[in-house]
Amino acid sequence: MSERAAPAPRDGFSIFYSLNTRWADNDIYGHINNVAYYAFFDSVVNRFLIEEGGMRLGHDNVVGYVVNSSADYFSPLTYPQELELGLRISRMGEKSVTWEIGVFAHGAALSSVTGRFTHAFVDREANKSAAIPSGIRRAIEALKSPSDS
Amino acid sequence: MSERAAPAPRDGFSIFYSLNTRWADNDIYGHINNVAYYAFFDSVVNRFLIEEGGMRLGHDNVVGYVVNSSADYFSPLTYPQELELGLRISRMGEKSVTWEIGVFAHGAALSSVTGRFTHAFVDREANKSAAIPSGIRRAIEALKSPSDS
Amino acid sequence: MSERAAPAPRDGFSIFYSLNTRWADNDIYGHINNVAYYAFFDSVVNRFLIEEGGMRLGHDNVVGYVVNSSADYFSPLTYPQELELGLRISRMGEKSVTWEIGVFAHGAALSSVTGRFTHAFVDREANKSAAIPSGIRRAIEALKSPSDS
Amino acid sequence: MSERAAPAPRDGFSIFYSLNTRWADNDIYGHINNVAYYAFFDSVVNRFLIEEGGMRLGHDNVVGYVVNSSADYFSPLTYPQELELGLRISRMGEKSVTWEIGVFAHGAALSSVTGRFTHAFVDREANKSAAIPSGIRRAIEALKSPSDS
């Protein structure tokens, strides 16, 4: 949210996903709309949770609810570009994790957009906060280690 | 983005718009998805710019680009609820304005979600930053006065 | 799908819902995008199923899956218009129903867009086709009667 | 729209595009929502128009408006699958073209969804119908030839 936010360098991210833009991502100015990026963030993190963390869509009792999110927009992107989304952890607690996502034009050194959001984990049946499930915690720890070393 | 963010009281907002939720706003957990709220924010502010600020869709040379945005999520909402969106100004400069939007369940005293984003105005032809157009500035000033008095 | 499709008159519809357009519904040409109308259709029918047919979001075992859909576009609409959506039944069988939706500019006599889609009901646990649930069937029959009389 | 619609075989399509699904494509039943497919169709055709037909986003005076669209849904798909979209021409006139799109799970022989829509070309300044621009016509003809030979 700071006005001094700066693009994020590519090598600060631990894992990358490619993402096709869509016609509907463009707004009336011919740029990818600010809202669309949040859909990108959501997709990347949920894909990580499913593929790396063993999350089973619609079957888990403990799930992450988004409690806050934000983004800084540095340079416009446009459909039909192919994008690369970098993912890293900016903070992990007992019951919550904050993801940071960098949106890069294909091959770019600096992010066009950087966003972040916090998942607070909730036991849906008990309707109360819960520890991060162990499979997800392990995936997060594996994600963190490359950049730590 | 602070973890201590709290719901916003209804009487802090200057103008309200009603908004129908849509089936597609619900995610797999049966709640309005975190991304959808940013589409709500965008809609409310652009409606204000058009109806109060004289913005002519697709014809103006000076337009607002979103440079940052954020939201805090306090309690879930679900399609098919009717919502009320309150709009206020949190900061206005020479060339930019920061909007704040409270999302309220119909009749609720406190916001379920509060978001904000900054429009930096740009001269599209010259491709450089520009002063807020006078019609929009007047509308913003009119929006501010009720809560200031 | 016929090229001779014509706008539908307002009085052919049994029930109406109002719908706010959103900024993101507009495409790069400043018109509501062809895709957005299908989101409108989905919203109107699911609202009818919930409010009139007793559908409980995420709790029913027998649900309707969309097996086909189509739309004819007669005249452009633009955010921030308020729309009225008319709903009627074009065909009902034992296990499926075809909905027809007319999208009207506020107060317009003829539809700007007319669409339709077929719900085939499925028992999710058994993973096979199922009769239309009785509450939904009753709501459909109540919807049909005004225009039949 | 026929109830006898059948999945389309892969070899009936002339050109393929890969497409990442997104978290928001899933509906409350954990399947890609019927509406999302129309966004896929739109994306594939516009990408073809830009990359093969020389369409310049937001700069062309003659553009295609969608006058009708339809889809048949044969089997559910789910985020985070990777999809392949096949494109072919089902009809071309002087001033309009009907596109057909097959949505395939990665490597599948038969489409999970098949859709189609008609673009009628319009001179935006004159606000009247127009011949298909020559660059687009050439691209369409090139698309047709492989399957004709």
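Note that the chains take the letters A, B, C and D in the order they are written out, and that residue 1 is the start of every chain.
Operating definition for what follows: contacts are C-beta pairs under 8 Å (C-beta built on N, C-alpha and C of every residue); 3 or more make two chains touch, one makes a residue touch a chain.
In this text the structure is predicted, and so the values were computed from the model without any measurement.
Under the contact definition stated at the top, the chains bordering both subunit C and subunit D are A, B.
Taking each chain's centre as the mean of its CA atoms, C is the chain most distant from subunit A.
The pair with more inter-chain C-beta contacts, choosing from B-C and A-C, is B-C. Centres computed as Cα averages put subunit A at a distance of 34 Å from subunit C.
Each chain gets one centre point, the mean of its Cα atoms, and the points for subunit B and subunit C are 29 Å apart. Contact of a single residue of subunit D with at least two other chains is seen at positions 23-24, 26, 28, 30, 33, 35, 39, 42, 57-58. Taken together, the subunit C residues at the contact with subunit D in this complex read 1, 3, 5, 28-29, 31, 33-35, 38-39, 42, 57-58, 63, 65-73, 76, 117-118, 124. For subunit C in complex with subunit A, the residues that touch the partner chain are 23-24, 26-28, 30, 33, 35.
Residues 18-20, 22-24, 26, 30, 39-40, 42-43, 46-47, 50-51, 57-58, 78-80 of subunit A are the ones that touch subunit D when the two sit in their complex.
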